[in-house]
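Which chain is which? They are A, B, C and D, in the order written, and residues in each are numbered from 1.
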Amino acid sequence: MAIRAMNSLTPNQVRDMFLYVGQKVVENKPFLTKIDSAIGDGDHGIGMSVGFTKAEENLKGKEFSNVNDVFKTVGMSMISSMGGASGVIFGTMFVGGVKKLEVKETLDLQLLAEIFEGALEAIKQRGKAEVRDKTMVDALQPAVYALKESVEKNFSLVEGLRKAEEGAHQGVENTKNYVAKFGRAKSLGERSLGHQDAGATTVWIIFKSMREWVEEGLQDD
Amino acid sequence: MAIRAMNSLTPNQVRDMFLYVGQKVVENKPFLTKIDSAIGDGDHGIGMSVGFTKAEENLKGKEFSNVNDVFKTVGMSMISSMGGASGVIFGTMFVGGVKKLEVKETLDLQLLAEIFEGALEAIKQRGKAEVRDKTMVDALQPAVYALKESVEKNFSLVEGLRKAEEGAHQGVENTKNYVAKFGRAKSLGERSLGHQDAGATTVWIIFKSMREWVEEGLQDD
Amino acid sequence: MKKLVNNPSNVVEEMLDGYVKAHSNYVRRLEENDRVVVTSRKTADNKVGIVIGGGSGHEPAFLGYVGDGMADGVAIGNIFASPPPAPILEATKAVDKGAGVLYIFGNYAGDNMNFGMAAELAEMEGIKVEKVIISDDVASAPKEEKEKRRGIAGEFFVFKAAGAAADKGYPLEDVARVARKTNEQTRSMGVGLSPCSLPQTGKPSFEIGEDEMELGLGHHGEPGIKRVPLDTADNVADVLLSYIFEDIKLDQGDEVAVLVNGLGSTPLMEQYIVFRRVEEVLKERGIRIYRSYVGDYITSLEMGGLSITLTKLDDELKELIDHPVNCPRFTQK
Amino acid sequence: MKKLVNNPSNVVEEMLDGYVKAHSNYVRRLEENDRVVVTSRKTADNKVGIVIGGGSGHEPAFLGYVGDGMADGVAIGNIFASPPPAPILEATKAVDKGAGVLYIFGNYAGDNMNFGMAAELAEMEGIKVEKVIISDDVASAPKEEKEKRRGIAGEFFVFKAAGAAADKGYPLEDVARVARKTNEQTRSMGVGLSPCSLPQTGKPSFEIGEDEMELGLGHHGEPGIKRVPLDTADNVADVLLSYIFEDIKLDQGDEVAVLVNGLGSTPLMEQYIVFRRVEEVLKERGIRIYRSYVGDYITSLEMGGLSITLTKLDDELKELIDHPVNCPRFTQK
């Protein structure tokens, strides 16, 4: 059942979308390793792969009756398996937005914007990072703004995701101009300039893959 | 009181001769280090310097009434300060020959030959090394033979010492053709070929310096 | 750097496997979560539980300090990465005897967040939890911001004091108080000579010249205060101590516990040479060493270097420092 | 290699200084000879004295093993060089209580000669002395010539057993018998990954490629049996064990003590990973591990690598291995 450019997704489609996203993140492991090696400890690709592999284990073959549980499953898989700062931060990216959300049976652009806005808030609260601190927040925040703007402009789901992807990508580029304030890159000070942040890169890959899946109607079954 | 080419020495002259010998060995520390570094652990120069410095401490300014005590003092200084195999071996080179010797008040070539012959026996018994095992025995044995032959030929003290020096030197050269059987060089097997033995080199330096002192009538006071 | 490992992804699992096999009379792994090691020995009813933890690669810390008189459980992360909340929570449930549980961990973003989440979850399950965050590394932030400092070797003294307090039957708030006091009274300053490398990446944790050292190096290779030429043991001890003396008031007659902690590949010989100078300097200043510890207490794999830790003691802390300990990797009579 | 030292000629003196300052409740240096460290604790009247020793650079061996239930005195040589007879003799006089003294040392030319001379001198002074020479390194000579083998990490088990026997009041000949039996029943096999260097020369103790290891490497960098490519921890454990199994008959149901000994810079993590495999292999063969020890027991400064030691136990040795120990660098309850 390949539907091109769906405008809203069932819980099981959301599941499939994140299975695809996970696949893409795992494929990018060497790339993320290289980025984190330049100014971090080189384990970001490993960590994200562990998290998404755990998510795949917990999503695959399972039926979901609401959107909330899919997000929760992805987020909790990360939190429970990854460890480190990024386990909590990326886990919160999925859990944070649905924590107080009433049960939803379809995911449209408005809900997506709402969920990631909640996630952004939760991450900032948890990790205390703001834009310009050279973290994944630098990619997530513009992505969230793009989603919200797209809702206002009545864009389609795929259009909204493309805007978010572009926003995240711009955020990644911006991180090159910032001095790190969190994580291991922090202690490098000025030496972190010129390098993009690994976590921000992952955020961009996540939005890019979501857009691809929705656009192509790709499915994992 | 500089007497050229003395034919017999008083106990205090023997003392002064060994003070001179010690000085020469200490001067050769870097040379011995280099030799021991090639196939050993590089500490032979350090060790011999420690031993002769201790000997100097115990000889200097002291009056000796017999030859035996001078030899004993040098040997015991080494045994007590150096440690390792070479402390015992070189200590025995001085102690071993006078251990059972009756008290002597002058040192002539015959006594010298007798003392070092006893030393050679004691060292072989202690360390179980024979000629061709690439140790100091390879230098000491020809030196002892040369001394004995010189006694038979009625050579002067300085002539006898020169023959001993030559014998020791030939012994050092011979060690280059032997595979080490003792000490750390032992584990190198064939790789020790082409290198001279450090302890043999020290024996040569000792006889060479004795000859110099007797020849020049050098004194340390 | 060369490693004796199998699959680099499995080093933590396999180390834990080996560890509990070697010390089965002391500890066991939890069935609920295999990244948890808890004491298998009987402890007093109603004893406050102590859960410690952090990344792997610091062995004998942290797992080596689970045993009589120290911690009851440890949550084990990947190399140099905080454990997730799940093992922390499971450790908490396993060691709680109704008197509550104290978390002690170093001040790192990951540990803060994961122990923080675990504490929230534990409290949702009705377990009282207190957290004490260790910040002894004077190199990592100015004096006025001690709470921002990293936790390094001084963690050992906090485990020691809190473990003793719990063993003596102190209630949770007092165990936490004692742990906080120890942290307040503890200062560490380290020096790095050579890096380590992670099994998974093989990359050295930092670059350093053959005759340089890094003053204030962190336990994961974080840069310190400055890169200076390698110096003598005595001068290094003097410099490290000077940072500590500038940071905490120590007067004639004061008593301290001293820890000279090797980072992994620094021989005991060098650690004792440094300790010798520490003792000399403290004596000159009229500061009395009440107890001293020399050795690899909290390492960074095969990193080269060491740190000096001083903890200013009062009567209460002296009693706690004296308390016996029996752990797989630390015993005190 | 970088060192935290002052004058390289003084490293042993300064280490000893630091050591006795750090452990003044356990040990003291002799006034008669400052290269001797003896226990400062009360031991039973008429207890057989145990004097151990050898070169420095193997810390915690040998000085760390002077204390309750192990040795009474240690004679300390320069780095990797036997002590002279004088400190051995002084140690002997200091620890003799009339019941005689046992010397335990590794089978090296220097140690043999110096302990030998000291024994002669001690006997001239009317002290009964027995010598037990340890030769556990299977790599260093063929099986038929066990008496020519070097002593490496297995020395620890001999100290342990003899120390316990002396503590239990065995007479000299029995302490010596037990030490000899332990040596007979002990086999070690090591692997070297990276060299150390002497403070005085700075020269690496051996050369080795980035992906090589030396099977059977000696404790001073002596070449072993062969140079092979670096392998996984499990394969290395298997190979080391295979040499041991070929050398000593171990049948199903036999009981052994196991020591995985780090040479200096090999992280505990890797040592436990190797121990994990050792346990697995012994279990497969139905050999029971009675007690196990993992850690840096006898090192070679900052050398990289480790060794595996197995000691086949009978009832007498089991009792001795179980005996409590309280030393500055090793404690067993």
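The working rule: a residue touches a chain if its C-beta (ideal position, glycine included) is under 8 Å from a C-beta of that chain, and two chains touch if they have at least 3 such contacts.
Source: prediction; values computed, not measured.
Visitor: Find the two chains joined by the most C-beta pairs in contact, please.
Guide: Per chain pair, the contact count peaks at C-D.
Visitor: Taking each chain's centre as the mean of its C-alpha atoms, which one ends up farthest from the centre of subunit D?
Guide: A
Visitor: How far is the middle of subunit A from the middle of subunit C, if each middle is the mean of its Cα atoms, in Å?
Guide: Centre separation, subunit A to subunit C: 34 Å.
Visitor: Roughly how many whole angstrom separate the Cα centroids of subunit A and subunit D?
Guide: Chain centres of subunit A and subunit D, defined by C-alpha means, are spaced 56 Å apart.
Visitor: If you average the Cα atoms of subunit A and of subunit B to get two centres, how far apart are those centres in Å?
Guide: Measuring from centre to centre gives 80 Å for this pair.
Visitor: Where in subunit C do residues touch at least two different other chains?
Guide: Residues of subunit C never touch two or more of the other chains.
Visitor: For this entry, which pairs of chains touch?
Guide: So the chains that touch one another pair up as A-C, B-D, C-D.
Visitor: Quick one: in the complex, what on subunit D touches subunit B?
Guide: Of all residues in subunit D, those touching subunit B are 9, 55, 77-86, 108-110, 113-114, 117, 198, 200-201, 203, 205, 218, 220-223.
Visitor: Spell out the part of subunit B that touches subunit D in their complex, as residue ranges.
Guide: So the residues of subunit B in touch with subunit D come to 33, 37, 41-43, 46-47, 79-89, 126-127, 182-184, 187-189.
Visitor: In their shared complex, at which residues does subunit D touch subunit C?
Guide: 2-6, 11, 14-19, 21-22, 56-57, 59-60, 64, 191, 193-194, 196, 210-211, 213, 230, 232-234, 236, 264-277, 279, 292-296, 299, 301-302, 304, 306, 326, 329, 331-333
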